[in-house]
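Next come two complexes, and both contain chain A; in the first it sits with chain B, in the second with chain C.
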Partner chain A sequence: MTVTHSFYLAWKYLNFNRLKTATLIACITLVSSLPLALNLLLSASEEQLMSRAKVTPSLVGSKGSDLDLAINTLYFASEPPDPITMASVREIEESDLALPIPIATQFLARGFPIVGTTLDYFNFRELSLASGTRFGVIGDAVLGADVARSLGLTPGDSLVSSPETVFDLGGVYPLKMNVVGVLDRTYTADDRAVFVDIKTTWVIQGIGHGHQDLAQPDAEELVLEREGNEIVANAQLPQYTEITPENLASFHFHGSTDTFPITAIIAVPPDRKSAAILQGRYEVTDAPLQFVNSPQVIEELLIEIFKIRNLLNLVFFLVIAATLLAIALIFNLSLRLRQSEIQTSFKLGCSRGAIVQLIAAEIAVILVVSGGLSAIVTVGVSHLKQDITRTLIS
Partner chain B sequence: MQTESEPIATKSSLQADRGETRASIAIADVTFGYEDRTFGLHIPHLAIHPGEKIALVGASGGGKTTLLHLLSGILTPNSGSIRVEDLDLAQLSEAERRRYRISSVGFVFQNFELVEYLNVLDNILHPYRLNPALKLDKRVRSRAAELAMQMGIQDKLKRNIQKLSQGEKQRVAICRALLPQPRIILADEATGNLDPANKRRILKILFEYVETHQSCLVAATHDHELLPDFDRAIDLETFHADLSALNVRSR
Partner chain C sequence: MNVFNSRTTRMSGLFAAVLCCGVSFGCGTSTSDRDTAPQSEQIDAANSTQTETRLQVFASNYPLQFMTEFIGGESVSVSLPVPADIDPAFWTPEPDAIAQMQTADLIVLNGATYEKWLSAVSLPSSIQVFTSGGFRDRFITIEDLVTHSHGAEGEHSHAGTAFTTWIDFQLAVEQARAIRNALAERLPEQQEQLDANFAELERELLALDEQLEEAIAASDRQNQPLLASHPVYEYLAQRYDLNLQSVLWEPDVVPDESEWQDLQAKLSDRPAQWMLWEGTPNPESTARLEDLGVSSVVFSPAGNVSDGGDFLAVMQTNVNALIAIF
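And now, the complex of A and B:
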């Protein structure tokens, strides 16, 4: 039997038994590509987690889980830590030990995290704009590349923040934000965030608001009580849910900025010495806040991931072994079912070697197709690993 | 038609010189038995001449298929010789017997033994893909198409084998057997599964081939109604022997 004839017959057999062939190919493709793809993804996650941690080594936040604080501040994922106040930002600023960048991540807009911060964040991350401008006033929003693509938004469009709780009448109401810019893709968590001025998050939270000027004569029916300069409005007073050039001036905050909440501070010390001094300030036992060295925290996380990877590899090894045994069994049963065909071929003048060659050709076709598909899956995962990893981390 | 164990000259054998393909089988003092049985075959002398159509009759398990396998080289005798023209099958190596079988023997089986995953044309061409002794080229393909036309299945060449009737399947099996232009046609209950009309039709096709090519046909059959159509019928019971008495080691 020539090689061409054996491959021709093998192809005819496999094509005739399409379901069996497809199942075998799917099994082999999965067992060969899955461990490789998963290892690629794990490596990419480790790389991505660590690279962002390395450029953002100093974080300050409320005491509690340092991992939650790091994951939320660096990747805007997981539950936000307990809030701290803007007073902490001012303290760091006054110490001259670091540039404090406030981060507030309590709110979402259509599933994407709203990150309240200052323009320093854009400079610190070296974020560039694909279109539009950075936020200038409260209510302006700058979208990460994935958010803009996913929601189909461009500068000039608007985006509404998600209400926190539907039944909490005194809670957070949605705010219609104006999209003023879209960032270039960075392949980091910034692609999946909506950046607003820190004050905008306070407006969403209800700390800041805008309404009709009660001192004006036409607002008389909205006044409940007037005592000197202090005017108390009645329940009929409507609050604005959209910030426009016309009502922008009416927006104001009650109380001291020092008491306003944020979730964390990214500290950008000018040198190592300043970083060490800053860290020391938070390591005293009665300090209300904690200083987090994010590379150290992420490394501890990666050690756990590495343990899981080893466990996964062991599981994959067992699954591969079991699958290969099952495939061998299928081939064996298939050969038994084909005894009559094999006997006929032998009676016609075919050698046992030719039969082996035919079976080998069938196995080769299955392996080549599976190998090809496995390569496509692996290349695909390798190509998309940054996106997949970012989605998984988010 | 005569029923006997010794060869006789027949009309077709006398006309042998006119054929293109010559066949002559000579069996001399052949014994064969299976390991687990003392009972076996002993054929002192049997000659089959070109153009002859021989029917093998006898009870099931009486050795008809064994004799066909001996003639095709699938089995080798314990002793004696089987000569096909100038070839002594017992002296051939396994590979040489396979080459002899694929190129000189056309085997037609009772259950057709077609390959279910191949279409009609690929089934007819199948022997050419099994052994490099046969070369598959344009001439072979065109001969396959001609044979299919003669059998009336030319419009079914691309059809899946499972979609054919029994009679059509047997015609495909005959096309496969005849395509290499064999010197010997061996039919093992080739008409057993067919209705009377199809039986006659299949035999007619085989007989025409034998007469045209001056090859020879050895057909195992239970169907005594068909025996008058053959030149000779050989009752295998006449070749039954106790091998231990003959001092032959069975295999």
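And now, the complex of A and C:
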């Protein structure tokens, strides 16, 4: 019996016992691909976490969990930290120790984070536009590549911010934002964010708003009380929920900009010395804010992940060993069940070697198919690892 | 300790998510006439004459444009995106102007709430320099909330912070210094020339300051009551201790009867003999003022480009005119 004949008979046998064959192939595929795929995903996660932290080493935010602050500011994930004020941005600016880039992440639009910032963020991250322009006025929004694809939005469309709470009638009103640009894909958290001017987040929050001019004679029915220079509006005064060229000039902010909220500051120092001096200012015990060295925080996170990874690798090793033993047992039991079939072949004149060759061919087919599937899975994971890990991190 | 617990929880979550995804994937379930030309054309025209090596600067009014050009010399190309017939204090940029400012190397701003349009416009912070940032503690607050309208820019209010800072020449020096510093940061190789140009501008501005201060101090009429046609002279009044009260008149608009009556009421309390105008007043207004015993004198803040020469020339004319009434 030639090798070809052996493989032909093996194929026929495996095809006849499809369920058993499929189960064996699935087991071997899983056992071989799972550790590889997991290691690929972990490596990609580590790479993504670390690379973004490395280019964004200096963060300033409210005191509390440094990890929460880093994860929220770098990846726009997790609950936003307690707010800080724009006064902190001004202080850093006036110190000349760093360029402060404010970040506000407390709002969502159709499930995606709205990131309020300044245009310095685009320059800092070297974000380029796939279409449209950068935001020019309040109410403009620039979408990350994944947001635009998921929501099917292009420049000229609009996107409404999500209300903070459905039943809070006195709370934050949704703002209809004008999509003016879509970013090129970056394979980072920026792909899944809606970028607006920091002032737009204050409009969403109700700190800034636009309405009819109450000083005008035709607004008399909207006035509750006039006392000297103060005009109090009644509840009928409608506030604009969309910023248009016509009503843009009516938008205004109440109070000092110094008191307006943000969630964190990305500090971009010109050199290490400035970074060290800036860090020192926040390390005094009574400092109201904390300085976060994000590579250090992420590295600590990765060290913990390494420990869990080692544990899992051990578990995988044991699972693989148990699975291989189980497969060997299955083959052994299968051979016993096939004793009568093997005896018949022997009586028909088939040599012992030919029978061994036949069984070896069956095992080879299963291993080759499993190996092929495992390779496909691994290549697939390798190809999609950036997307998968970014989704998981976000 | 709590931080550590928080981290462990988060790490476990992240790791579990990675693991779950890995398992599910393994199971195969994956998936040049500035009056009439639009702003953009004016900016394009300005840019077309610039070479790439020059620092591209936008200024929010003429005094800042002048100071930047004076200090930067040939190293800078300074554009004023505001049409000549509009007061830059009440200008609103169009989208094209915003887009071009976003790509500038530097945007020189007055601050002190001068650029009202900034609250609605997105510009990179890294290229903005607020020239009045160094004397924020000396800003003057205006209490009245009266709005009025005139010219192409429409209705506006002078409530809030007074912003015509540069007509106090000492503050103008501080603004020039901020511009010098911002330019030096971007053109370190030009530091010496920038310093020399700044020193010359400082000398000119302080000379104007000295002339005015000495003339007013030497006058026996230094406490005479004065009227201002518009509330733009707060810093001038503060610097030289002028006894100044403002109305809300425009040089090219003849006030209505109620405004004349208001003025007469003011004059009965404060018998002023001079009114300061931002520009040449309407002859009908000056004639009627003369009938009330009030003469007119022009002190132009020069917020936008004028026909009266460059910024220093306009300010010298202002100083001469003011000295003449003391």
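The working rule: the second predicted complex is superposed on the first by the 394 of 394 C-alpha atoms of A that agree within 3 Å, B and C clash if a C-alpha of one lies under 4 Å from a C-alpha of the other, contacts with A are read in each partner's own complex, and residues count from 1 in each chain.
One rule holds in what follows: a contact is a pair of C-beta atoms (placed from the backbone, for glycine too) under 8 Å apart; a residue touches a chain by one contact, two chains touch by 3 or more.
What you are looking at is a predicted structure, and each value in this text was computed from that prediction instead of being measured.
Asker: Does the chain A-based superposition show chain B and chain C clashing or fitting?
Answerer: fit
Asker: Have a look at where A:S345 lands relative to chain B and chain C in the superposition and call it first, second, both or neither.
Answerer: In the superposition, A:S345 contacts chain B only.
Asker: Roughly how many degrees, to the nearest 10, is the angle at chain A when you join its Cα centre to the Cα centres of chain B and chain C?
Answerer: 160
Asker: Does chain B (first) or chain C (second) touch A:L119, or do both, or does neither?
Answerer: second
Asker: Could you figure out whether chain B or chain C reaches more residues of chain A?
Answerer: Counting residues of chain A touched by each partner, the higher count goes to C.
Asker: Looking at the overlay, does A:N332 come into contact with chain B only (first), chain C only (second), both, or neither?
Answerer: After superposing on A, A:N332 lies clear of both chain B and chain C.
Asker: For A:A354, select first, second, both or neither according to whether it touches chain B, chain C, the two together, or no partner.
Answerer: first
Asker: One more residue to check, A:K12. First (chain B), second (chain C), both or neither?
Answerer: Only chain B is touched by A:K12; chain C is not.
Asker: For A:L384, is the partner it touches chain B (first), chain C (second), both, or none of the two (neither)?
Answerer: In the superposed model, A:L384 contacts chain C only, not chain B.
Asker: For A:T2, select first, second, both or neither according to whether it touches chain B, chain C, the two together, or no partner.
Answerer: A:T2: touches chain B, not chain C.
Asker: Chain B to chain C: minimum CA distance in the overlay, Å?
Answerer: 28
Asker: Using the touch rule from the top, collect the residues of chain B that touch chain A in their complex.
Answerer: 72, 74, 94-95, 98-103, 105, 107, 109, 113, 115-118, 122, 126-133, 136
Asker: Can you tell me which positions in chain A touch chain B when the two form their complex?
Answerer: Checking each residue of chain A against chain B gives 1-2, 5-6, 8-9, 12-13, 15-17, 340-341, 344-351, 354.
Asker: Note which residues of chain A are touching chain C in the complex, please.
Answerer: Of all residues in chain A, those touching chain C are 29-30, 33-34, 37-38, 41-42, 45, 65-68, 71, 78, 93-94, 99-101, 118-120, 123, 133-138, 140, 197, 199, 208, 213, 215, 229, 248-249, 251-253, 300-301, 304-305, 308-309, 312, 377, 380-381, 384, 388-389, 392-393.
Asker: Write out the stretch or stretches of chain C touching chain A in their complex.
Answerer: Spelled out, the residues of chain C in touch with chain A are 3, 6-8, 10-12, 14-15, 17-19, 21-23, 25-28, 30, 92, 95, 98-99, 102, 119-126, 133, 143-145, 147, 155, 159.
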